[in-house]
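Same chain, two partners: chain A is paired with chain B first, then with chain C.
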Partner chain A sequence: MKYLTYTRAEFLRGMRYRANYWATLTSSLIMTLIQWYLWTAVYRHTDSIAGVGFSSMLSYSLMGRVASGFLAEPANLRIGPRVRQGTIVHDLVKPTDLHYQLLFQSLGSALFRLVSTGLPLLLVLLAAGRIRFPGAGATVAFVLSLFMGYITVFSTSFLSGVLTFYTKSGVGIDHLYTLVEFFSGMYVPLQFFPGWLRAVAERLPFKAIHYIPMAIWSGMTGPGEVAPAILSQVAWTALMVLLCRAVWFGAVRHLTVQGG
Partner chain B sequence: MNNGMHSGIDNRPAWDMGSETSKRRPLLGGILNTVWRYSRLYFWYLRANWLSLMAYPAEFVVTNIAGLVYSLGSVAAVWVLFTQVKAIGDWNYPQVLLIYGLSIFSRSLFHLFWVDLMNVSAMVRLGDIDRYLVRPLNPLFQVVAGYLDNDDYGELIAAVILVWTSLGMLGQRTVANLLWIAVSVVSGMLIFASIHIVGNAMSFMTIESRGFTSLAWTMDEFTRYPADIYGKGLRTLITWVIPVAFASFYPAQLIFRNGQLIRLALITPFMAALTFLLAYRFWTKAIDRYQGVGN
Partner chain C sequence: MSSTHPQISASHVAHGSHEAKTAARRRDEANAAEPEKTVEEPIIIVKELSREFRVRLDGESFSDRVRRFFRPEYRTVRALDSVSFSIRPGESVGYIGLNGAGKSTTIKLLCGVLVPSSGSVTVMGLEPYRHRTANAKRIGLMMGQRTQLLWDLPVKESFRLLGKIYDLSPEIYRANLDRLVEALDIGSLMETPARMLSLGQKTRCDLALTFLHDPAVVYLDEPTIGLDVLARERIRDFIRGEKERGVTIFLASHDLDDLEIVTERVLLIHEGKILFDGTQMALHDVVGGPLSTLEDTVKQFYRGARLG
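And then the complex of A and B:
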């Protein structure tokens, strides 16, 4: 598949910028430590919060840190600038589709972040005995869920980027990204939300980014609930991809590039 | 160019009037004169920066409303947590909110006024910093005064809301406390600035310092939550080595009337001044060793 070449190229590009590798690794270690101490302090007076025990919460949160690079907001889609500068015509005449191209390109840098910082962090946590693998079934479901999570992350940014076609403003989803993170369950799992807010979160696609994979990993999603959770994530992911296609084709049809 | 060339006609810009008189004054007068000169300069820099921000007022407003929402988005997590538990460690909801509020207050002040500090390593790489070094003005002043950030006003408003609300919940909304808040957020700003001054000064010696810069960013994260939840080693680190705990946790103790930590609370401004002086010393030493990148 030709698009995988983009993934590979982007992954290899990551390897060329190794100068700050130690800093990135130290930063992610610090963030993990903060999470560990925070949840330890939260659970000092209680054994269970909204039915979530300490070890389950810790595994949700620590695995969240391991995957955070992979599930990070894609940094340089640059859809708005492409339109403003008119370079988008170069993308449109190529025998590739810009939507798929960016999807696979960003996957390359996400995979690079996963391998370069996520993996060492996972090894440290395993060695320190702070994280344990769930059963084989849950692990497979988790990996599957993680990839769908990536597609949702990408689609969110892509949609926001395409919307700047219409709004012609520099303000996009990256300026409101804490809301996406909040509703994805990155800060606190969705069980902790008050009823009405949980209902809002359930109707948004963002739970597929963080909550569904981490809940599977940590066992918050019981063995019997994994299959329905994955199925609902498949549905949400498909919906997001279709939405991207629709908005993207609509935008291309309306596109006017000045000058050039 | 025109020094002494046009006798009788003084065509220096308004802000530079009278600056050379300091040479004839005694020490104290010299210092006062320098302070006066830099204050006026800063005013003119600030005015120019503000006017350039106001070139796109609609974009400015939208960006900062988004900034306000962005900050409140992360605070929402604290709120949700406290719908479930009564305390994080030994600290209750209003206390955690105040610490969180002081943290983003200090940080947004730092971003607002010092943001161009983050570009020093890029300036060094491209050789742009040399322009600052040859002017008869303090280079750090030029870096800091040269740019006013456009998107921190929303975060600043969020911080004010948080601090005001939590003070109300604590029943501590007094004038004295508000003055103390002012002292502590300026101290916090200086502490953050010091860390980034050191991080960026590295680029004068090694040219490549983006690693230190990104690590300096991460240190902010420690200030969001009460510092005593961290282990002993980490707590010592953020109190005495990279004293970010003085940007939120310790100054808040004075408001809590916490007898045990009140002495640490009271030294906040002195810690900030000391950290800043050390960082500034590091910066000037680093500049002395700077040889340019040769382009």
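And then the complex of A and C:
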């Protein structure tokens, strides 16, 4: 599989910048502590919010921090400079597909962040007894779900990056990304949304990025609901990939017909 | 200027489609006169190729610009105007023109990164823009201004990556790498991250990457840009060596010195039109003096054309 070479190269690239790594690790630990104290404070006078108990919420939130590096891939930043500086010509004269290339390249840096930042954090949280494995079945489902979450977050970012082909500028779209994070359930789980907003969130693909895997991990998704949740995630992920294919072919057409 | 350009008597001038055909016929006659030379099918055929771009107008006054922000207006620019030429396998061709003459546009059309507005391009029997990926396996492209090295990683990783992308067997990869490392003297650079290389070192590595997969045709877009005399010399020798191995070389440059690299044939492009297609010697004859700077040559060319 030739595309895995991109994954390898990008993983290696992550290791080149040690200062960057330590800074990421430190900020990640601080963010985790903030989440911990925040939810402890929120649950001080109550056992349950919108049907979500304290331990479930803490599990959702802390595992979210562990996976945050894996589920935050700015693939759009890999496309914008290519279009503006014209190096996209190099990509188009290679016997590869830039969409797949970036998918595997981004996977390399996402895996690097998961292993280098997420894993130590997970070990600390396990040692501190703040994270518990939910059982073999849920763990397997979670890992599967996490990978699909990666594909969805990549696709979202890729789509916004491909807009650069038309706008010639990389900024603008970025500002909408906070909305994607919000609807993904990164800040609070979807149960906390008012009814109408939850209805919106349920109809968007972004819940497949964060909410579905974290809800499986934290037990918010009951044992009988895991399979349907995974299936709906498969559907959303497939839809996003197909959308990327269509938009990508359109963008290449635009680029070759209109000119860079 | 070029539309009123009068006919000139030199045999190799290709101007517009009719003249291009005449020039091609004359070349064929020249080939026929040398029976020992086998006439092969051209590897690249370009026929009456034109490419237009739509440029958004900016406007003179502030209010003009505000109006055009809401209702953009466009102007059509003809970057390439009915260009025709063909290149035989193993031939090396210098594609010479001033900045903005249409050199890069031609290369992009040959690589299939641009679709022609009219006319056709055929490279090894395929239309590049219809079969971009199939075409990509058999060609190499080097752009002197845009590196394809992995910026943060040691140079060897860029080679490794391309080896995998082009699906080279370990034996072929090893053999080609050894040959290129030797020819371009880049063995000592393999462990260095690309961002720490000098321009000359980067150019040598980029060249080696371009030839790694044994391409049949290589397009070089200003490969010696910004290099010193010694570095140029080295690159020139290398490209000559690759040419002797039978690689077809298409070298675009605004620098007449680069002609020494390719020696044989020159295509002179100006404002999207091919002004001249022939040997360097013939170009000398038409200009009637030393080929100093390209701008002078183009001017002299017009002057000569008027006299003729």
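In this section, the second predicted complex is superposed on the first by the 245 of 260 C-alpha atoms of A that agree within 3 Å, B and C clash if a C-alpha of one lies under 4 Å from a C-alpha of the other, contacts with A are read in each partner's own complex, and residues count from 1 in each chain.
Basically, contacts are C-beta pairs under 8 Å (C-beta built on N, C-alpha and C of every residue); 3 or more make two chains touch, one makes a residue touch a chain.
What you are looking at is a predicted structure, and each value in this text was computed from that prediction instead of being measured.
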Following superposition onto chain A, is the placement of chain B relative to chain C best described as a clash or a fit?
-> fit
So which one touches more of the residues on chain A, chain B or chain C?
-> B
Look at A:L179 in the shared chain and tell me whether it touches chain B only, chain C only, both, or neither; answer first, second, both or neither.
-> first
For the combined three-chain view, what is the angle at the C-alpha centre of chain A formed with the C-alpha centres of chain B and chain C, to the nearest 10°?
-> 90
Which partner does A:A9 contact after superposing on A: first (chain B), second (chain C), both, neither?
-> second
Does chain B (first) or chain C (second) touch A:V93, or do both, or does neither?
-> second
Check the residue A:T46 against both partner chains and state whether it touches chain B (first), chain C (second), both, or neither.
-> first
Between chain B (first) and chain C (second), which, if any, makes contact with A:N20: first, second, both or neither?
-> first
Once the two structures sit on chain A together, report how near the CA atoms of chain B get to those of chain C, whole Å.
-> 9
Identify the overlap between the chain B-contacting and the chain C-contacting residues of chain A.
-> none
For chain C, which residues are in contact with chain A within the complex?
-> 51, 53-54, 108, 111-115, 129, 132-134, 136-137, 139, 141, 143, 146, 148, 150, 152-153, 157, 160-161, 164-167, 193
Chain B contacts chain A in the complex at 59, 62-63, 66-67, 69-74, 76-77, 80-81, 83-89, 151, 208, 210-212, 214-215, 217-219, 221-222, 225-226, 229-231, 234
Chain A residues within the chain B interface of the complex = 19-20, 22-24, 26-27, 30-31, 33-34, 37-38, 40-42, 44-46, 49-50, 169-171, 175-179, 181-182, 187-188, 192-194, 197
In the complex, chain A residues that touch chain C | 2, 5-6, 9, 12-13, 16-17, 85-87, 89-90, 92-97, 255-260
